[in-house]
Amino acid sequence: MPFTDWLKNRTQKTQEAANKRAVPDGIWSKCTICGKTIFQKDILNNFHVCPECGHHFGLSGHERVMMLLDDGSFSATEEDLWPKDPLGFIGSKPYRQSLNNAIETTGRREAVTTGFGRIKGNKVGFGVLDFRFIAGSMGSVVGEKIARLFEAATSERLPVITVVSSGGARMQEGVLSLMQMAKTAATVEQHNQAGLPYISILANPTTGGVLASFASLGDIIIAEPKALIGFAGPRVIEQTLDEKLPKGFQTSESVLNHGMVDMIVPRDELRETVGRLISGLSPVSSDQNLGDQVV
Amino acid sequence: MPFTDWLKNRTQKTQEAANKRAVPDGIWSKCTICGKTIFQKDILNNFHVCPECGHHFGLSGHERVMMLLDDGSFSATEEDLWPKDPLGFIGSKPYRQSLNNAIETTGRREAVTTGFGRIKGNKVGFGVLDFRFIAGSMGSVVGEKIARLFEAATSERLPVITVVSSGGARMQEGVLSLMQMAKTAATVEQHNQAGLPYISILANPTTGGVLASFASLGDIIIAEPKALIGFAGPRVIEQTLDEKLPKGFQTSESVLNHGMVDMIVPRDELRETVGRLISGLSPVSSDQNLGDQVV
Amino acid sequence: MSRRYYIDFERPVVEMEDQLEELKKLPEAHKPDIIKEIKFLEDQITKLKKRVYKNLTAWQQVQMSRHPDRPDFVRYLDLIFDDFIELHGDRTYGDDLAVIGGLAKLGEQNIVVVGQEKGKDTHDRLRRNFGMPHPEGYRKAIRLFKLAGKFNLPLITIIDTPGAFAGVGAEERGQAQVIAKCLSTLSSLPTPTIAVNIGEGGSGGALAFGVCDRVFMLENAYYSVITPEGCAAILWQDKEKAPEAAEALALTAKKLLKMGIVDGVIKEPLGGAHRDPKSTAGKIGEILKKTLGDLLSKPVDELVALRYERVRQFGVFSDRQESEIIT
Amino acid sequence: MSRRYYIDFERPVVEMEDQLEELKKLPEAHKPDIIKEIKFLEDQITKLKKRVYKNLTAWQQVQMSRHPDRPDFVRYLDLIFDDFIELHGDRTYGDDLAVIGGLAKLGEQNIVVVGQEKGKDTHDRLRRNFGMPHPEGYRKAIRLFKLAGKFNLPLITIIDTPGAFAGVGAEERGQAQVIAKCLSTLSSLPTPTIAVNIGEGGSGGALAFGVCDRVFMLENAYYSVITPEGCAAILWQDKEKAPEAAEALALTAKKLLKMGIVDGVIKEPLGGAHRDPKSTAGKIGEILKKTLGDLLSKPVDELVALRYERVRQFGVFSDRQESEIIT
C-alpha cells in the first residue's frame, strides 16, 4: 500500500520545513541550515536569505508583497471569506481548532493573500500562499480566492503572478479540497485562453495538490533556489520503493534539469526578473506600465 | 563526425531491406527471412505475408490499393507530374539515369500514388509510397502529390490514409527534398485544423525525412509488424556511439512500447481496422458512407 | 473456510454461502430431504446479506472498492461498450499500461473512452502498476482527450486508482505538472464528457480523469483527497485508525452525492459489483446512455460553460469567522 | 606555424599574417626601417585574402561553417539582442542544452529567440552535444514557439546544427515525431517568424527551426538535406569525396538564394564571420530589424497564409518525362 506511510512522512518533512523556514530569533542567531552564527539583521536585510549558506527562509504573504510589488501599490481583494469546517472534521484535534489556532498565531484569516498591484510599474494580479497557515494548504477559501484572482485578471486583461509554498490540498476539507485543484486549474485555463501571461513562482516547499494544479500551469515557472518541489515527498518515495533516491532529488536544481521549470532565481533578483518577464511578454517592448493602458 | 558513415550504412540497410522485401520468385521459393521453403501462392494469398514466420513482404502502390480500398473504388489523381533533375545531380551515376531506371523497372513515374477511394464504404484520400522506386524516397514530386492530396481532402472534408515505406528524403534533389518535409507537414496541419482525420500507416522500413514529416503527424499511427521505424538507421547509431543497441531497437514493437505509435496491425487485419477507425472517428456512429454525405 | 477472498466483515455471509454450496453438492438421492433446508438457508443468506451490506461503514466501503474480485475497467469495457479499438502511447516517452483508452461505441454513438486499469490478476496488476499511472499515462490520456475534442466525440472516463505513484521516475518526469495539465485540458474540452468512478478515486490521480460534465460513482466506490491510511498516519500517527479517517473524510458515494460533488450513485448488487458484474455494467451503460443523450442535446459551447460553472462552485466558506470551539 | 586554427586552404593567408605579426613585434628602434615593409605586407595580405576567400568552393564553405572559431549562437545572442532571459525545459523530460531560447529585445521590439548552440569550447560542446538536439530540445523549442504564438511575440530562430542526433535515446524518445511537430507548429504559428542560418544547416534538425516567414543565411553557412560526408559515403562509398558531394548538393547560400529557398544572404567579413563577429552581428541585426518591420506591418492571418504559400511552392517537377540521358 504505497499510500500508507505516504503522508505520515510528508507531514514530518513538512514540519521540518516549517521549523527551518522561520528566521531564527535573537540579535545573533544560528542559521538552522548551515549552523553558522549570524547577525540577525544581516538575514533580514538580505531578503531573508542566509548570507553564509544562501538558504532562503520562508516568507509571510505580507513579506512577499513587500518584496515583489512596487511600494504601496498593492491592494488586497479583501473579500469576506473565512474558512469553514464543512465536514465537521475531527482528527487528532478538530479542524475548527486548527483553524482558530492558525488564525490566532498568524493574524490571517487564511493561507492565501490575493490582490492587485504593480511590479516595476506593470499592473498585475498577485496571489501568495503562506506556509505558516496550516502548511499553506489549499482548502475552499484558498481555491476560491485563487479562482477569483484569475477571473478578475482575465476580465481586466492583466497578468497574474503567484508565489506558493504549500504542503498540498487540505485534508480536513476532504474532497472539497481536491475540487479546488479542478477549480483553480479551470480558471487558469480561461486566463490562458484569453492570451494573458501567468508567472508561477515556487518557493520551499511546493508539493501535492498545489503543485498539481494552478502552480504548474504558468506560462513561465520560476523556482527559488534549493526549494523542495515534488508531488509525493522524497522520504515517502524512498520508503515505498526501498531504493536510494538520486542526489538532489526534487530540489529546484534537479527539477530544472528535468525540464519542469524555466529558471531558478535567487530572491534578491526575483523582483527584477519578474518585472522583465512581464514586460518582455507584452508584444511591444515598453518600460511603461502595461496595466495603465488597460485599466 | 556522426554523419560520416551515417548514410553509407543507411543505404546498406536500405538495400538489404529492398532485397528482402520482394516476394521471392518461382512456384516454390525460400523465404528470405526465415529460410523456409514455401509454395509461392501461399505467400501471395496471405497478403504477401510469409505463412511460416509472419514476415510482411513489401508491396507496390498498386498492391496496397488492392488490399486496402474497396474494389474498384480508387481513382488516382493522375496529375502530369514527372520528376526532374533540378540540380543536374551527378553522383556515382547521374540522378536522371536513376530516375529513368526506376521508371522503367517499376512502370511508375514516381514513388508515390495518390487518389481517392473508399475503405469499407467510407470515402477517403489515399496516398502510398512505393519502396521499389528509389527506396520510396521523397523528392519534389512525392512532396507535391502528398501536399495536393491533403489539400484536396481538406477542401472536400475527407479523411486521409497514407501508407509509407521509405528511406527518407531524396538526396539527389538536395535541399528541395528537405523542403518537401516542410511542405507536406504544412498541408497535414491545415487538414488537422479543419478537424479531419488522418491515419498514417508505417510499413517496413520507414526512416528519415518521411518519418520526420507527414507520416508522423497522423491522428492515429499504425505500424505493420516488425517494421524498421526510426530516423537514423540502427547500424549507424551502433557505429557512431560504439554501444550495443537495445534488443528490438527501432522495431514496430519497441516503437509501440515507447509510445510513438497507436497500434501494430498485421496486414490481414489492416483493412478492417482502418475501416473501423475511420467510422469510429466520425461523431455519429455509422456503417454508412461518411463520404457520401459530403461529396 | 472459503477459498474465495473475503473482507473480515463478510465472514458470516461467506460461511453461510459455503454451507449452502456444501448442501447443494450432496448426491441427488439426498436432495428431496434437504430441499427445504436449502430454501431456508437461502432466505437466511438474503437476510444476512441485507444486514451486512445495507449499512456499510465508510471504511467497509473502501475495502469493498479494493476487493480483489471487483470488476476492473477492462471488464466493464467488455460489458458496456462495443467495437473497442485500443490506442496506445503518449507520443513522447512510453505506453503506460495503467491507462487504457481508445475508440468505442456506446450503443450507436461513437465515443472515446479512457480509464485507469488496475489489472485482473497479480501478473497483470504488476505491469499495470496497480492502476497508478506514470506521467506517460496521464499524457496518453491527454492525447486521447484532445482526440475526442478534435472529432467532437463524447468522452467517457473511468476512474479507478489508489492515486498518483510515489516513484522516482514519476516525479522526475513531472507527474504533478501533467496532472495539472489533465485538469486544464478537461476543463475546456469542446465535447461532452462523463466520468464514472468504479472503485478507488484516490486524490489527484483520480481527479485527473474527473473534470467532466457529469460524474457518477458506483455505490461502493470512494473519492477522496487522500487515502484513509494516509490520513490516519498524519492525524493519529497510526494507520490502524484508517476506519476513523475514512469516516472523517466523507469519502463515500452517498455523502459525496449529498454534497453535490457527484451527480449520481449507481447501485451495486448486494455484496458488491463483483457479485454480478453484468448487471452492474448494465446499470452503468444505462445511465451513460441517458446522460449522453441529455448532454448531446446541448451546444458544445454551452456544455463547456456549464462545466466551468460546475467546478467553479465547489467549496464551502463563510462570511465571518466561525465561532471558537470550546477547548 | 600559427597557433590559430586554420583550414588547409587558408594556410598562405595565415602564414603571411604570422609574418606581419612578427614584424610588428620588433622593438621600437627598428620600426622606421620596416614601416614600408609592413605596409607592403598588409597590401599583399588583402590581395591574397580576396583571392583565397572570394571564390570558395562549396566544400570550403562547409569547412568555414564548421570553423572552430566561428561565432556560435550565444555570441550573437550577446551582440544582437538585449535583455535576454533564458527559459529552460520542455516540461516533459529534460532541459536540452543544445537548444537555447528565451525572451529578448531586438531594438525596442520584444521577441522570442530560439536557437541551436554548438558550444564555445570542448567542454561546452560536449554538454551541448555539438548542437545536435535530443527530442527534449525540439520539445523545448516547440514550447517556446507556442509561447511566441500565444503572446504575439515575433519569433526569431537561429539554425546551427550538423543535424539530428544518431543516438539510442534520441530515437527512443521519438526525434522523428518531434521534428515533424516542429514543422507543423511553425507552419501555422500566429506570429511573425524569421530564421537565420549562421553555420551548419544539417537536414531535418535544421529544418525543424526553419519553417518561417523569412529565412536568411550567412554567406558561409550551408543548408542541406544531408551532410556532404554522408552523401559521399552513399554515392561513392568514400567520404573523401565530400567535396564533390558538397558541389552536387547545391548547399551554399548563394545557390540556395538563386533557387529561392532562402530570402537573403548576409555577407561575412573576408575570411569568415569569426574574423569580425561584431560587424557580422551588426549586419544580422540590421536585416532582422528591417525584415521584422515589414512583417509586423501585415496582419497575422495574412502572414500565416503567406508562410503556407512559401513552403507550398517549393519543388521542381515536369509535366512530361525528362529525356533519357545518353549512357
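Quick notes
Just so it is clear, A, B, C and D label the chains in written order, and each chain counts residues from 1 on its own.
The rule we apply is simple: a residue touches a chain if its C-beta (ideal position, glycine included) is under 8 Å from a C-beta of that chain, and two chains touch if they have at least 3 such contacts.
Note that the coordinates shown come from a computational prediction; the quantities given were computed from them, not determined experimentally.
Fewest steps needed to get from chain A to chain B, stepping only to touching chains, is 2. The chain with its Cα centre farthest from the Cα centre of chain D is C. Put simply, the C-alpha centre of chain A and that of chain C have 32 angstrom between them.
Mean C-alpha positions place chain A and chain D at a centre distance of 42 Å.
Averaging Cα coordinates per chain places chain C and chain D 55 Å apart. Among all residues of chain B, those that touch two or more other chains are 192, 258-260. Multi-chain contact residues of chain D, defined as those touching 2 or more other chains: 91-93, 173-174, 177.
Contacting chain pairs (ordered by label): A-C, A-D, B-C, B-D, C-D. By the touch rule above, chain C contacts chain A in their complex via residues 132, 162-168, 170-177, 179-181, 183-184, 187-188, 202-204, 207, 210-211, 223-227, 229-231, 233-237, 239, 245, 248-251, 256, 259, 261, 308, 311-312, 314-322, 324-325, 327. Chain D meets chain A in the complex at residues 83, 85-95, 103-105, 108-110, 136, 140, 147, 150-153. Interface of chain A with chain D (complex): residues 192, 195, 197, 219-220, 256-263, 273, 276-277, 279-285. Only residues 91-93, 135, 139, 173-174, 177 of chain D touch chain C when the two sit together in their complex. The touching residues of chain B, when paired with chain D in their complex, are 1-8, 10-11, 80-87, 89-92, 94, 96-97, 99-100, 103, 109, 140-141, 143-144, 147, 169-171, 173-183, 185-190, 192-193, 208-209, 211-217, 230-232, 236-237, 240-241, 243, 245-246, 249-250, 254, 258-260.
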